[in-house]
Every structure is written in C-alpha cells, then in structure tokens.
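Below are two complexes that have chain A in common, paired first with chain B and then with chain C.
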Partner chain A sequence: MGNSPDLLLLIGGPQGGGIESAGQIALKTLILKGYSVIGTRDYKSNIMGAHSYYTIRARFDRPGAIRFPVDAAVALDAESILTHFNDVKPGGILVYDKGSLHTKIDAIQPMEQALKERLKKLFADKGLPPIAESAIKLAEEKGVRLIPLPMRQLVRKLAEITGASLTSVARAVNTIGLTAMLYLMGIEPRCVEKAIAAHFAAKKKVVAINVEASKLAVDYVEENFGAPSEFLADGPHRGKKVMLATGNEVVAMGKITGGLTFQSYYPITPASDEAIYMEKFRYHQLTSEAEAKLGTPKLGTVIVQTEDELSAIIMAIGAASAGARAATSTSGPGFALMNEAISLAIMAEVPVVITIWQRGGPSTGLPTKEGQQDLLHALFSGHGDNPKIILASGDHVEAFYDAIKLLNWAEKYQTPAIHLLDKYLASTTTVLYQDEIDPGKAVIERGWRIENPTTEKRYMITETGISPFIPIGGDTMIITGLEHTEEGFPTEDPVLRDEMVEKRRRKFETIAREIPAEEKVVLHGDPDAKVTLVSWGSTKPIILESLKILEEKGVKANFLQIRLFYPFPVKEVLDVLSRAETVINIEQNDLLQAAFLIRGFTGYNIKHHIKKTNGRAFWDTEIANAVLEILETGKREVVVKGGA
Partner chain B sequence: MARNWLEYKTPAWVQWCPGCGNYGILAAVQRAVAELDIDPKKLTVISGIGCSGRETYYIKGSNMHVVHGRAIPAATGVKLARPDQTVLAIGGDGDMLGIGVEHFVSVGRRNVNITVIVHDNSVYGLTKGQAGPTLPAWVQTKALPGPNLHDNLNPLLLAFASGYTFIARGYAYHVDQTKELIKQAIEHKGTSLVHILQPCPTYNNIMTKQWYEQRIYYLQEENPEWNPLVTSQQDLLQKMPTILEKLVEWGDRIPLGVFYRNISKDTFEERLGKIILNYQEYPPGKRPIAIDGKPLVNPWEVFKEKVMQT
Partner chain C sequence: MKSRPPSGGAASSGNDGEEHSRRCYNCEYWRPHVHYPYIGYCVLHQKFTMDTDTCDNWTPLKIREGDFYWCSTCKTRITGEEARKLLEKGHRVHRGAYVDPDVREELYSVF
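Then we have the complex of A and B:
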C-alpha cells in the first residue's frame, strides 16, 4: 500500500440531469478502490434545470471537509464550465463538453444574473468574449489540464453500440465525463464498472448502457490524451462491509434502530428526505433474536404526512401521550410553526423529539443551502419559561446515536428534545464502518413508565422532578397545557403553581446532572494548546481537518465542540475556555448565536469569531487561514466566503 | 351492559355560565359513553381552547387538553398510537372551524376513526363575545362593536367535501336526541362529525334558545323514510342530491339528525394495517421497542440497500 492520495473531485450539471447519481457512482468507485470518502450535494430550490454540483473527497482515512480548488472537475454544460472553471487547481483536470464552448453567457437562462455580470466583467477586462470558451482559456492559463470531450459524437456512438435510443443513453453523458476524470486521476476502469453495477443494481439495461459509456470514455481518453502514467495505490478499506449514507438517512436509521414508533412530518427541505427514507422501512425486519422472543418477524413505525407543521408536532404529542415513541422532523420555517406546541409539550410533560434540519434563513431564505441559524430559535422556542433538551450532532456517527439518545432522554425526562442538524450534514454522504454504526452500542431506555398505575399520579410531585409516565389508556387523567394539579386538573392556586414550577425546574436540574459530561462537550486535540476553537454541529469534522492544517503551519490548537445546548454545560465550557490563551468561535450564522449563549450562560465573552453566511459549508483551509489571520492581526471577526 | 353515567363525572367545578348549552352537550356525551359501556380509561376526550375546551376536565377519561385549534391532530395521534381507545375531539366553532380549520378538513381525508364534536354558538365566549366562523354576516351580537362582516361557513358541507363519513347535527338542549347522535357517531367506523347548535346566553343575543327552537326539526321525524346510509360509491352518487339539499338547508328551517353515514370507505387505521400488517396487534403506543434495552433491529440488515462490500 502506497501513500494516501487526497482527492478532491467535482461533478457539475443541471438539476435533474443525473448529477446525484453520478456523484454516488463516483463515491462507490472510490470505496471499491479501498478509500474512505465523503461527498456533498449542492443544489438550488428548483426541480430541474438549475445548476447543481457534487463535490467529493477521498483518501485512506475519512476526509472531514470539502474544499475548493479541486483536483479534477467534470463540467458537461456551459453553466458548469462558467461556474467552476476557477475551482480547479493548477495542474488539475477539467473535463468538459466541446459542444458547450460557444454558448453565450446571456443565453444561459438558469444562471444567476449576479454571476453573469461578474463573469462578463472579468472576460471583458481580459479582452475575452462572453462565452464559455473564455472560461476554458482562463483555466488553461492557470495551468489546468483540459480534457475536451466531443459529447454529441460519443453519445451517438453509445446509442449505436448499445442499440438503445439517443434519449435513453443521454443520461450516460455523466458516466462518460466521470469515467474520463476518474481514469485520468489514476482510478482503474474496473472500479467504475463495478460501481455502476452496484449503483443501478437490478436495472440491468441501465447497467449495460453505463458500462459501455464508461468503456467508450476510457478508449477516447486513451486515444486522445494518453493513459495515466500509473494507477493510484489501493486504499486500506478493501474487503470490508460498509454503509454509504447521507445525514438524513443516518438519522432515519438511528430513529428506527432506537425504536421510534411514530413520526409525523410536513414536507420541507432539507428535512423531508429523513421521513421519506423512514417511510420506505416503516414495516421493518427484526433481528432473529427479537423475532424469536417476540414471535413476530416485523414491526412497524407509523409515518404520517400531515397538513402542516402545527399538525405534525401536535400529532406526535398525541401519539407520545398515548405511549408511542414519537418524533417529528422539520426545518427552521416549519419549526417556527411548531413553537406553540413546544410550550405545550413542556407544560404537559410529553416526550417528543423534534429533529431540526437547519438551512439558510431568515424566512424562506436559502431553502437548499447551508446555515446554522436556528440555535437561538431552538433554545427560545415556545412561550413562557421554556426549557427543553437541545443536542447538536457533529457528524454522521454522532447523529445516528444522538437520534437514539434523544428518544431516550425525551421519554426518561418527559420533555421535548430537539436534535439540531443542518443541510450540509443532511446532504453529505459518507462511508460508515461496522464499528461506527453498531447496534450493540445502542441503548434504549424509557425511564419511569407505569402502564397500569395504582396510586401514582401523572404529574406527581417528586424530588427529582420526574413524575411517572402514564400513557393514555393506562389511567383516567388529563394531559394538559394549563397549570395543573398532580392529576392534571387546572389550578391557579399560587402555592401549587410554585410547587409545579419548582418541580419542573428540579427536573431540568436532574437532566443536567444525569446527562454524562462527554455528551455535553468534547474537547478535541491537545488540552494544553494555547488556541481553542469553539463550534457546534456539522462544522466538527471540518474543524478537525483545519487543526491538522494549522499544526503543519506550526499552530497548536484544540477544538471545543459544544453538543448539549440545554441544559447548558456551564462548568464544562468554562473549564476549557478559562484555560485557553486565545479563543476563536466558529459558526455559520451572522449573529454569532453560540457565542451569545456562551456569554449568557457562562459570562465568558469570546473575542474572536470566524463566520460563514453565504449558504456554503466551511472549507478546512478557510478556517485554518482565518485562524492564522486572527492570530496574526488580532482581528475580532473574519467572514469567509468560499463556494460556488 | 350500560354503565351509570355518574361514573363519568369528575371532581372539577363546572365553570360555565348558567344556561350554557355546554351543560346539555356534557350530559349527552356522558350518557352516550355510559350507554356504550366505555371504560373511562379507554375513553379519550381531547379539546382545544375555549369554553367547550374545559369539557375534558368534566368527563372522566384518559384525556388531553391541548392548544387552540389542535384537538383533531392530537386526537389523531392518540388514535393512531392506541387504536383501541375511543377518541372524541371536541371544541367550539372558533376552535374547530376558525384557528383549527385546516385540521377539521384534513382529518376527513384520512377517515381516522374518531368523533369530532363541534359546539357551535357562533361566538368566542371565553374571550368575551367576538364573532365566530358560523355567525352570519351583518349580524351584531351584543359584545360586537359593529355588525359582523364575515359570512358564515357551513360545517356540514365542509365536512362532507372533506371526506367525513358520518355527519350529524344536534341541538344542545335536546340531551336525549343528541346523546343518540353521539352514540351513533362513536359506533361509526371512520371520521364522524356531530355538529351541535348551542345558544350562548351570555354573548349571543341573536341566535337564542327561542331563535333555534323556532327553526329546528329532525330529518327522520319529518320524513320517516329518511335514510342517510351510503354503502358504495354508486350509492353515494345516487343519494348525493338529497343529502346535499339537507346539508345546505339553513335559515327559517334547520334540520337535525344524521345526514350522512358512509360505510364504504376504509379508515386510516385499516389503510395502515395494509402496510404494517400487524399494526392492530402492535400499534405505536403498545408495541415493544427493545429487549433488555437492546434494539430490535439491526441497521445493517434493515437498510441493506445502503451496504456495500468493498
């Protein structure tokens, strides 16, 4: 086994044109090569026609971040060429369609006007015409290796070879472009062919067409540009059983593994893919051990698509009150509609998990783009005193187990529990190994539950603040949003009111005490480093990559990942921050929401910030460079702006 | 075997105004569930906000009191989690047809086996007499600073268009007749509406006891041949004109009774049972989720479409 390559690849094209599929084939190719991979999909709020692209990184150990410039890109239409010509490294490869070169910038309807104006100005300044070919010239000047493909001829040839119609082979252009790129990067064509077979599985005819397309690409490249000097070394992960899944899918898997029995949702990007994926497995196979003990081979999770988010959250609250392990899933705008019910679940002490997939706001904002703007929204959701559990996962593996933990905590503590995730995690695919998604490590707990009570009351006042959970059907009672007696009858009595307020407060003290410290915060890297980076959510693997870059540049930094935002881990956070010489906060929102909470809960005022608000996830290089800039200049804030 | 309706009383003080129509509805519900012999633990009454919302505290059951307008989705959640519960979603015209009207409509598309009871007095009583969604235009009840500018909606027609499979109307002061309607609604398999006309002696000085009693009549009494039963789509098309004629009748004469009872449509629970084959035996509220704290499923087996051998 040789040294690990570190490959960054990009595939661009129109939405609905098979880019997602091409990205998945590329990931599978690299997995079959024995590499660890991540791939992320960037798309617009559009069904078809708008530009979308898939970015991939592969190497021996799992990559944590995507970044530009890439080593190679496939741009099979004029908009992709114009959007990404500058995103390829000098010495990198740009595969494109010869037939797109003369397309005028203004003739590309889906392209953003602002980008058109920037490009026209750039080309005019260089004395170049406003067409796609000018972008290719600039890439060539930069030292990018150009791989033009005569796509129309290749597709016609593919139709001839396979005997299929031109329309049915049209989508295989992606496979042609992709294979050309992977082959020139040093990946054996057999890996691509195997990946095609794995990806299209039962669709035999599609497999055949794409395998032919792949062969055609290899032949054409060899003839016109020569074979790669050598193939890359195989990675260390060959011969393993792995899983390839997005963040949305991993959370769906976590919930079903965690025994979720009911989920309601209203369609919203980037959340719905989670519920849709679960729906596919709503009647699922049990392990043989469970089957033997329970006497049934399968069990169900009821998934209901509701009329709106008001209904989604209340239906989950109803189901949970009746004993279901229940959740709902949404994004910022949908969660705004759920707010009143969050308050109900707090007062009525109903266990419900709300999975929030954040996206760029405010309002409809950037519905398909990255953002971490709903931290304050989550924390302050609901009227009245409104404590609830809030946990932010840093990566796919955390998200899987956190989905289960939150279901446990919601039931154990009879409270809404919010799982904070975001679009980048939602649409990032990664390879997962067996020791990472291990059902043996999952624990399912439901807390103090009484199906048929004798003397216990639903809202019994206790030392821990936790009452017995009695599901509907178990006793006569009232689950209520009014201030209530132990039985659930309404009361406005001043003494009883305070007893109930105090009971609910004690419950959150219990939660704060019982949730293990390692779930609250994680300090990555050398605890004695002088520089501490603070962040939360999907920035985790990106920052871990940045730490490596910083170390190469002689800066030793550690990273405090905050996972639990409520009850806020005051001591754990202060312990770390008070030891650091320089603290830099990193988040994807403009108001610096986590820094605001840290200041509020601990009194510690973070003086330096790195933020990104353009709807694209951080790059590892961006964070590393921004840290260096802050250390050098003492700047308060660096806003990074990378991405297409 | 019927139970004694007193079994369904609770210690809570009934806080409604004297003469409130809610008393009649409360008695009708208690007598209906008593005659149907429903164990209070197996009864779930769910309400939103408003005067009628307090009814959950006055009927002994395994109940829920949720937020304004949301009794129906809460009831749906309970019913889907525990299909063995008898679930009633109750609320006023403001709660069900104003703030919660999207749920009033959507539950019909699902035909969940719950009973929706609308207490219709055409005003928002608890917030002191604003116009409700069933108050006709240009009517000025006593707390309004000017006449109502909104038209009234027709709850029965809306329910019919939405897919409810049982539609009835009662009158709050007719406890016995209303009780019978509620019994039939509970026994019907599917989403049932019992729309109950109810004077508000405090705020609705127009649609009073006298106003109603001059207008109401029972379909069955007027026409002993009246038959609301629909057994197929073809049957529905045939009977639709007669049913619609009665659903829209409002003004000098107001019909009461069962307008429509369609037994040809499957319930949401039955639909779920076609996908989750053991749904009735293992509904979300009762099914096991773990054995000794360990998951019942292995993600590597369930989600094997995501698994690759490298």
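Then we have the complex of A and C:
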C-alpha cells in the first residue's frame, strides 16, 4: 500500500508499572486511526519491578516483524532510559521522566550487571558520569528529539484535577508518557482517549483519570514543545471490525472452536496464558456441526491446573482414553517432565494434543524469552520407537486452525500430536480481520470411533494401521503401556509384537499419505527464485518482511516454511531445495535443529545458516542483512544479536 | 494531616539532587510506592502524599539492627545494618514499602 507510514514505537518501564496497558492502549489507538498493528511484550522473569517493554509496529498493511531502532520511545524510569536510549533513530523522539536523570547506574538494583558494566564503560570513555542523564546526552548527540516530562509534578496536578488519590493517578504515568509520544508522532488525542475508554471499559473512574492524564500530557507538550505540524493520514482500516489477540489467545480459541472438552496444565511461561484465557470460555455454545459430532449443544471444557506436568499429561491421556477431546499445554521444561507419558500415549494409541510454547533453554534457561530449541526434543521425546505428529505454526491465523487440525489428527490417527509454538508468538498481539479467524471454517473430525462396541478389538490390526477407537469405561476397560494383543491384553509373543510394531508404523505411513501437501510445507514467493530461505515457526512473518527488503535490494528469494516435522515431508522439501541455487537455513537455536532433521530425513546438507540465540526474536532487517552477507561472502553461518 | 509543599531545609534528599529535611520520604510513617517512589502512603494519617510533602507530625526514621527496611533506591528489602550503610551512601531508606494492590493486573505470569 502506498504512502503508508511505518511506525515503530517502544514503551519501557518497571514490570507492574502499566507497560502492558500502555502497549494495549497504543495498539487500540493505532487501530482507531485505521492502521494495522503488531505489538510484543518483553519482560523479565522476576515478576515485579524489573524492566519490561512493549514494542509496536503500525502501518497500512499488517506488519510482520518488530525491528530496532524505533521512531519513538517512552522511558518511564531510569532503567528504561539507560536500556533504550540507543534504540531510537536519529530524528526520533525520546519521552522520559526528567526526575530519573540523576539516578546512578549502580543504584538500579534490578538492572543486569553486564549491562551496567557496558554502560559505565561507554560513559567513562566519553567522560560522562554513570547516571541516566549521560544516556540522554548521548541520545541528543545522535540527533534524537528529547521530550523530558516532569512526572511528579504532572502526577500531583492530575490528582488535583481529578480529586483521585495520588496512588490512583500514579498508575496513569504510562498514559501521560504514551500520549505525549503519540501526539508528537502525529496521532490525534481523540484516538488515544477512545482507546483508553475501550481498554478500561468496565472501570469508569480509571477511564476518567486516564483521559485527564492524556489531556494533561497534550497540554504540557503543546506548551513546552509545540504541537505537531500535522497529524498523520488515517489508515485504510478505519471503522473496520477487528480483533486483537495474542498467540496464546488464538490457540485457546482454536482449541475451543475445535471441540476441546478437556485441558490440563501446570503453570509455566509462556504457556499458562493459553489455559488461563481458555478458562473464560469454559462453557460455550457449539456450532450445529460440532453439536452433531459431539452430541451436545453446549459444551463445557474442563480445565484443570494439576500439581505438576506429569500429572497434566497423564490426566489428559486419561480423559482422552475415556472419550474426551483432550489436550495439555506447556513449554520446554514442562515437556521434559511429560516424556514418560508420551510413550504411554503412543503405545496405548491415545489421542492427545500437546501444545509446546518454546522458550530459551536449556533447563529453566530464559523463562520469558524467545527460543526455538525444542524441535529435536519434541521429535525424540519418549522412549522406544515413538513417532508422533509434530506441526509448527508460523503465525496467529495458522495457530488457530492448526489447533483444530491437531485435535482432528490426534483423534483420527489415535496418536499424540504436538503443536510447536514459541514465546514470540505467545506474547505478540496482532490485529486479525473478521474473516481470518472464522469458527465456521472449523471442521471437527473424530475418526473411527465405536461408542457402543461391536468388537473388542480396540487395537485391531488393519491395512491403514488405524484401529477403532473405543472409549474405556464402557465395554472396554483396558489401557496399557505394555505391548498388547488386538484386545489390549499384555503380550510378549514375538509374532504379535512384530505385528503391532508394523501396525503402528503403517499408521504413520497413512498419516504421511493423508495429510495434504499444503499442510506439510509452504513455499512463499517466486518458486523460480535462485535463493531459498528455509525456516519454521514464528519466523514466518518476519522472513516474509525480509523478502520484501531483499527484493528492494535486487535479491529475489523465496521462503520454504516447514510446518510438518513428523511424518517428515521428504519429497516436498527435496522438491524445493533441489531447485534452489543457494539455500539458507534460519533458526532461533544454536544446533540448527531443523537443518539437522532435513539432513537426516532427506540427505540434503544446507550449507548456509542464520541463527539467533540471545532470547530475542529476529528482526526483518537482521535477516535481510545476513542473507546479503552470505550471498556476498559465502559465509557458512551468520549469528545475529539484536535486542535490548 | 495537612500536607505542605517543602519550605526549604539543608539535608540531602538522596539521589534526586534536591535539598530537603523533615519530608515524608524520611519520615518513620511513610511507605513509598514500589514503582513510583515519589508517591507514598502515610500510615499515621492514612493517606497518600508526595515524597517532598511534610506535616507537623513528622518523625525521623529510627534504624534498629534487628528490623527490616525498604530501600527505594535499590528497590529491595534490607536489614537495619544495611540501612545505616545505605543511608550514608545517600540512598532512600524507609520503614516499608507500599505495594499497589492493582499491580497484579500488569504482571505477566512467570513460572
């Protein structure tokens, strides 16, 4: 779309200090202005007080990636000034609390020691004292427009205007900073005020305080820095009905739309928000099609917070064995604890969906940061020969429909099905248009089920490897992790053992045959491009943005998105890779796990790699620049390192 | 209580570069907001004030070795012994902190 502004904004402050609200209000403001938006939150794992920030990108068409530097930033405390002073473009705007300027670096307790040392050295080299004001001086030297706000005076004034207590108005400092930034960027205050009303809809007093805070910010900015020369043009989506949702939320919506009746979980970042969101909708009206399939007009999804992850998956396996449409949700460390039960679900042929929200590992690693490090863990989880379906979603829309598909595939093929997602997708809010998330498009398939058994052969040996699903609790009461007969009784007979091994293998041959090619891989861009980028998961929209940058620089590239990792789409992947002159693999892990699997399954050895392991999501510019570097130098590997 | 704006004084206020004494921030009864330490709660008068406000009931903060305190400069709980040392360094030390009960609405679930 022509003449579209491309706004990159950042709001930083103490966790618990209103950063999430400010981010959400900013997104709503920009939607009211008619823009398409994405926003992502970045926070630390200490719960309260440490630095967190919200980054937003807005333009006429939907942005696919966040990148730095930004056009404008709000720093609500000294740590935010010191963390982000260098993240603003020359000519950009930095709004900050001028009461924070004399704060010494060493006095900021939650700040990373490594960052403190880097800053102290930087300031010392330039002859500046180790205080927040030095960061402001460097930003000014770079050509950043400085907007100091006297927060404590503004808070006192706001208390006088509204008659509210100081602590009530203190929570509106985010609104003061945000409004100042948006106003100077050319966004009308009325959009901010409407967004405030929408965000705090149920709290009239809070709306009143924040609207006054917004007005106060505009008055102060006009008086001290002048009004913007003009407001930005409205975007093409003004007045459209849209949805704002995070990755966690769309997966919850997908599961409920897909007829989920049981979800168990043990709290873990970044997975918990999915089940917590789902709890809001535990009773819901079904579509007529779902009603026919599930035999009830109103469905209650049972959501259970268990005592640990092993219980969570065992409970889901139990529910699925009894006929529920069941899932559990976790991240890497939690999935590690589920491993024993994965094998049980495979041996007992139990349909259970496991949603894995990856984060930076190993171990507890970076609990609140990005990582794509559990691909091999997902594939090789459990013991014994243990195939399971593994599907990775690339964006919010895919994640919604994939959640439904995986419930279908788990039941149709009676096997665990793993939904591979990650923290960036979990925490990123995007705008979704009315027809993109359409429950009417959801198809519920439950496979070959016998509720009133005419056979006792729960594990009937068939050509397809798929047996009739008979819920336990009726005529059949057997479920076992031991090798078993067709009826489910334990056996160690060598002939029967081989027959069962072969039956389970045939099942995965059936899955590989029946899952449509378009669900396995997607080739984005010109199929004849000489450069092919290969990746998976939430890097999809970021790489699509990178392709545009590369095209502007004269490089035509396409992007092979691998979605299905097991059964691995050997033919589909080889078809694409064998046509490309240069193949570059892009991943957010150190071992290059997808490239390892591609080599193992297809024999194709990808020679060039771009990776990021610092816990921050890729930027589109980083990928484009790394591709250019590889094409120019022939480098095997480029590690990109952007992020605060 | 009648909060008053500062009327001058000689003592250093800590790290904000202003000169104050007998202000809320160094009063026994004052608990600074965890995130916005220029606002706090007076447990004597049961109301919120700014850090540089004052009143006739101002009482100096007493430091005892066995007690715990809140350092709003470091945003952390400290012992009485630590409190003495940090006050000498110009940190702001208080009897406790005010935790905004609505802060949970802005916290992410981290496990």
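We take it that the second predicted complex is superposed on the first by the 625 of 644 C-alpha atoms of A that agree within 3 Å, B and C clash if a C-alpha of one lies under 4 Å from a C-alpha of the other, contacts with A are read in each partner's own complex, and residues count from 1 in each chain.
Basically, a contact is a pair of C-beta atoms (placed from the backbone, for glycine too) under 8 Å apart; a residue touches a chain by one contact, two chains touch by 3 or more.
In this text the structure is predicted, and so the values were computed from the model without any measurement.
Placing chain B and chain C on a common chain A by superposition gives a fit, with no clash between them. By the touch criterion defined above, A:156 reaches chain C but does not reach chain B.
In the superposition on chain A, A:110 makes contact with chain C only, while chain B stays out of contact range. Shared-chain residue A:302: touches chain B; no touch with chain C. In the superposed pair of complexes, A:535 makes contact with neither chain B nor chain C. Looking at the superposed arrangement, the partner reaching more residues of chain A, out of chain B and chain C, is B.
In the superposition on chain A, contact is made by A:28 with chain B only, not with chain C.
Taking the Cα centre of chain A as vertex, the centres of chain B and chain C in the superposed model span 90°, given to the nearest 10. Judged by the touch definition given at the top, the superposed model places A:276 against chain C, while chain B stays out of reach.
In the superposition on chain A, A:20 makes contact with chain C only, while chain B stays out of contact range. In the superposition on chain A, A:268 makes contact with chain C only, while chain B stays out of contact range.
Superposition on chain A leaves chain B and chain C with their closest Cα atoms 16 Å from each other.
Once both structures are placed on chain A, no chain A residue is touched by chain B and, in the other complex, by chain C.
By the touch criterion given at the top, residues 10-12, 40-42, 44, 46, 54, 56-57, 60-67, 69-70, 73-78, 80-82, 84-85, 102-103, 105-106, 272, 275-279, 281-291, 293-303, 306-310 of chain B touch chain A in their complex. Of all residues in chain A, only 13-21, 41, 43, 45-49, 52, 77, 99, 102-104, 107, 109-110, 151-152, 155-156, 165-167, 170-171, 173, 267-269, 272-273, 276, 367-368 touch chain C in the complex they form. Of all the residues in chain C, the ones that touch chain A in their complex are 15-17, 33-36, 38-39, 41, 47-51, 73-76, 91, 98, 100, 102-111.
On the chain A side of its complex with chain B, the touching residues are 28, 31-32, 34, 198, 237-245, 249, 253, 256-262, 264, 281-287, 289-290, 293-294, 296, 298-302, 304, 306-308, 310-312, 314-326, 340-341, 344, 348, 400, 404, 434, 437, 439-440, 442-446, 471-482, 488-490.
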